[in-house]
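Have a look at these structures, which come just after this line.
In the two complexes that follow, chain A is the common piece, with chain B as its partner first and chain C second.
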Partner chain A sequence: MFDLLPHIINGLTLGLLFALIALGFTLIVGVMEVINLAHGSLFALGAYFALATIGADWFAETPFGAWWLGLPLTARYVLALAVGPVLAGVAGMLLELCLRPTYGKPALYGLLLTFGAALVVEEIIRLVWGTGEQNLPVPQSINGAVLLGGMIFSKYKLFAAAFSALAILVVWLFLERTPYGAIIKAGAHDSEMVRALGYDLSRLRLLVFGFGAALAGLAGVIMVPIWGLRPHVGIDVVIPAFLIIVIGGVGSFWGAVIAALMVGLAVGITGAYASAWATMSMYILLIAVVGFRSRGLLGRKSALET
Partner chain B sequence: MITLSDIPARGGSPLTPAMGLFAALVVTAPFWLQPVGLYQYLGIEVAIWILFAMGFNLLFGYAGLHSFGHGAYLGVGAYAFGLFQKQVEVSLWGGLGAAVLAATAAGAVVGLFLSHRRGIYYALMTIAFGQVFWFSAIKLRWITGGEDGLLGIPRPDLVLGGWRVDLDDNRAFYFFVATILMAAVVLMWLLVNGPFGRVLQAIRQNEMRARFIGYDVWRYKWAAFTLSAAFAGLAGGLFAMAQQSAYPDVMALHQSGLIVMMVLVGGGLVSFWGPVLGVLLYFVARDVLGGLTEAWLLWYGLMFMVMVVLRPEGLAGLIHILSRPRAADPAAARAKEV
Partner chain C sequence: MSDSKFTRRGLLGSATAAGGVAAFMGPWRHNRVYAQATDKPIRIGLTSDASGQYANSGASDRRGMLMAIEEANARGGVLGRRIEHLHIDTETTPATGSRVAERMITREDCGFLIGAVHSGVANAISQIAQKYGVIYLNTNSSSPTESGENCHRVKFVWDGNGTNFAKAATKNAIDAYGPDWMLLTNDYGWGHDTAATTKALLAEYGGTVMEEILIPQGTRDFTAALLKLQQAKPGVVAAAIGGDDQKAMRQQVAQLGMGASPAWINSQQDWPDVYGLPIENLFGVFGTTWYYKLDLPGVAEFVAKYQAMYPDTAMRVPGNVFYNGYMATRELLSAIERAGSTNNIAVIKALEGHRMPAESRMQHHDAYIDPNTHQVQQTIYLASANPSPSEPDDLFSIVTQSDPETVRDTGSAAKCALESYEATPTFDA
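Let's turn to the complex of A and B:
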């Protein structure tokens, strides 16, 4: 049992990170009923914008760059943590504007449009940042390993898990405790009624999409030091995200969080004993869960089924 | 604007002007491909993708079931062909038979899980299964050769009675692929314009109503999926022959998305021939735009996005609208469309 404990902790850590990725996704699905296949691309954009904020080596040769790269990494990192999500959020809003003509049509059109967008974003990333693998540097203070209860943990992974847990909590509080959250939840339930009550539905959609995209970008900045950054990271990321929302039930907040923790545990434990099959365990979990409950763990009936 | 349930059902003989034109283009391709500055291999590639796309459209356009993991069955066909050549014997018909059988079996099993799903859940499950196949192809290294795939798959000779043709010659191989393509297209035409195709279209328009009329919707959805997987497998077998290799890339989400893009851009939702246009447009874009800019996929992707928003009925729908006689009174024309 004691042998298993580190793997369980690793799995839960991974699950929290997955939950952060899936959160924006499930919010967008819930309110807009759009399966945003470009979610992974927004994740990648967030990370690349953060990379740009921290600054590349060539930048040092310019006068401003020398000053900028002279700043402590921690300061630049904290700024990157803000810039990445904000710009990803702006990109998400642009995507929402493109999506407008598809509202009221079958959900397939949103799926197709965002697939096209994913392709376009990936190509843009290739053009701007090149095809090679890059990494996002992290400050010394959260780098390295730490000994806890006789076990060694990566400091950064612990930081990422704590950060994700905090972000999930903040999003939950926002949805549950603020008036705006109430409107979003009402919009997910019955968007026509929200419009009838006098709220500007298109502004609500724009903001929700931007918020979801910003969460994707935030997940990107947090995850990439662990996973590495390459142009097609978006595709690698969007797959676990939507496996999670399907397992958890499309549009359900806690469903997504629980499913993410389950997937994280499955991957963590499989990874320890049969590492080659770690990714496969996600699919097996999906097929097992959906085989019994076709709407996922906490899913409700939704317009996406028709 | 034409609606998305506008695929005309004709019935009867496949001897139509469109079929004749298609046959003429396919047969004469090797004679004008090089003079217009294209290369012989392109014809083979395009023919294989047309076969794949039209088989996919049975599911996507006719039954309205949106599979986003169809590259998997192309890949299964390709691997089955390669493994048959390498492990069993070097035989053309054996290999193609194995490709079709393996893909049919894979499609039949996956279809069991899928067929009681609808809408987006259907699409999500096809993505998940597609990823399972892709992932297995990478991880089952001792069978599939992992990320490198199967290399050096022999291209067996075509033997018919005492007649033997060496298919290593690309022109001879093109005619072989073209013959199979024509046979498959005629078969698909008969299928979609017969009772089976009518039921599929009824399911697309309203699944519930089709069920209440008394059709076993589940079985039809399952059959449509299995059938389109079988055509994908055939295309995959030919693909392995053409490339003389099979690799996991063809099963990736990107590739499965590309086939959806081709079929939609071509107008598979409203036309039997739509997928042909889509495949042609894709390869023209790849070779013409690809010659001009490295980032041709960026432009193709943007074009696709515009198409989804403005003209989801694709090129075929556009041609349909342009070729219709202009009515003097737009209101009367609109009334006729309804």
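Let's turn to the complex of A and C:
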């Protein structure tokens, strides 16, 4: 059991990170009914915007850059944690404006448009930041390793998991305890009724998409110090995010969180004891859950179900 | 006046019958004969990845090929013919590699194919190339299978393979860090083959495999594996992890401060995979075929030429992937000149057994193309991070060098059965 415990902790940690990735994705699917294949690109954009905020070496040669890079890394990192998600959110809102002509049409239109957007964003990243691997620096205080019960853990990963848990809580409070959250939830349940009650549905969709994109960007800033930063890093995100929302039940907040923890545990434990199956374990979990409960763990019951 | 007359139906029937007969006469041999006119360019298909796990390495590989082609054209071409090139992204995907190769040969009239980093992609391309008899240079794949069971008469392998690198590293590492090893193995052909060699060498030199942890391709979180390492406390970790997976692994090992202990042996390290990473991410010892700081004649000029041709490239110096792309292309064009022909069989014969002096390859030992496996036998270097770089790009220091015979991959040689010349379709490009 002692041998297993570190892997359970690792799995739960990983699950929290997956939950952060999936949160924006499930919010957009719930309200917009759009499977946003550009979610990973927004994740990558958030991280690249954070990288730009922290500042590149060449920046030091400019007068302002010298002053900026002279600031402590912690200050620049904290600012990057805000700038990355906000700009990713703006990019998400632009994407939503492009999506508008597809509303009311078969879902394939939205899928194709977001897929195309993913390709465009990746190319823009290549043009602006180059194709090479980049390193998003983190403050020394959350870098390095810590020993817990004789086992070694990455300080940063523990920080990232705690940050994700906090972000999940904040988003939940926002959805549950604010009027805006109530409107979003109502929109996810019945958007036409929300319009009938006099709310501006277009603005709601714009804000929800921007909010979901900002969450993707936040996940990017948090995750890339672990995963590494490269133009196609977003591709690594879309598949687990998609699996998680299907396992959890499309549009379900807590379903996504629970599914993410389950996926994290599955990947973490198989990674230790049957490592070749670590990636496959996500799919096996999906088959197991959907096989018994087609709408996912906490998905809404379909009108067709008896 | 003859009684016979041609009807439209009769003509169609005859054409169909002729087509059927032609089909039965072939396609056992594809005799694509092009007129060897001096004004007809030689077309080369560049089959390098521009996307996927090896996109960066593919770009570096391609830059090497382009520099060799530009040099040849600046000299007036080869056999008086200009060299043209065509690139299509192979996407680090074997199925795409097959499609690209088929299209380049059948629709784009490419007489030669060059490029690959992923061994599965290289294998897929080489099968298509062999079907048509088109010479294919595998520039940067390192699975021993490429010059072993997947060897082909038309394929030539330019990089050192996992066995070469493991041979260069294993004995020294056992002596220095002890016999208890754990293996981290990318769960695909190259990883498995490299690990198999390491296991065999450990058995030979008295080492022990405590455990092998298989890492699926595309893994981004290595914590489970690193926790296992920390629990088992091996003396050495032999990692055969490639491309972006390795970048993620390095990032996480550095965060855990596990780069110095245990000792890390990376059977191979492609320069584009680690270029720009902080020094703490460059832990361990790894194999390579070239480094831009080798103290050998011609190296400085080669670096200067690279920087003049690619002033805006993020990588400011040529790496091993660029080097292999360049050398392979240059030697192909040289072989065409020696053969005095673009006939594929003549060029294959000009490449087989060809010896390349150390000074021409900017290495420490002469190299040669093994006529039985088509793998270039060359100097293998071991390198580690450079704690006191003379300039920002000087990330590594060369620890040792091994001559080609010391690190020769005899296992692949035993498994390779090249097709006969007669079984290889002939044509002039």
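Brief remarks on what is shown
We take it that the second predicted complex is superposed on the first by the 299 of 306 C-alpha atoms of A that agree within 3 Å, B and C clash if a C-alpha of one lies under 4 Å from a C-alpha of the other, contacts with A are read in each partner's own complex, and residues count from 1 in each chain.
Here is the rule we go by: a contact is a pair of C-beta atoms (placed from the backbone, for glycine too) under 8 Å apart; a residue touches a chain by one contact, two chains touch by 3 or more.
Computed from a predicted structure; not experimentally measured.
Once both complexes are superposed on chain A, the partners chain B and chain C clash.
In the superposed model, A:267 lies in contact with chain C only, and not with chain B. Look at A:189: by the touch rule set out above, it reaches neither chain B nor chain C. Residue contacts after overlaying the shared chain place A:275 against chain C, while chain B stays out of touching range. Once the two complexes are laid over each other on the shared chain, residue contacts for A:130 go to chain C alone; chain B is not touched.
Once the two complexes are overlaid on the shared chain, A:293 sits clear of chain B and of chain C alike.
Judged by the touch definition given at the top, the superposed model places A:242 against chain B, while chain C stays out of reach.
Looking at chain A, you'll find residues 276-277, 279-280 touch chain B in one structure and chain C in the other.
Within the complex, the chain B residues that touch chain A are 66, 68, 113, 116-121, 123-125, 127-128, 131-132, 135-136, 139, 252-254, 257, 260-261, 264, 294-295, 297-298, 300-302, 304-305, 308-310, 312. Those residues of chain A whose C-beta lies close enough to touch chain B in the complex are 35, 98, 101-102, 105-109, 111-113, 115-117, 119-120, 123-124, 126-127, 235, 239, 242-243, 246, 250, 276-277, 279-280, 283, 286-287, 290-291, 294, 304-306.
Interface residues of chain A facing chain C in the complex, by the touch rule stated above, are 3, 6-7, 10, 13-14, 130-135, 143-145, 151-157, 225-228, 230, 232, 236, 267-272, 275-280.
Across the complex, chain A is touched by residues 51-52, 55-56, 59, 187, 213-216, 218-221, 223-228, 230-231, 244, 247-248, 251-252, 255-258, 272-278, 281, 314-315 of chain C.
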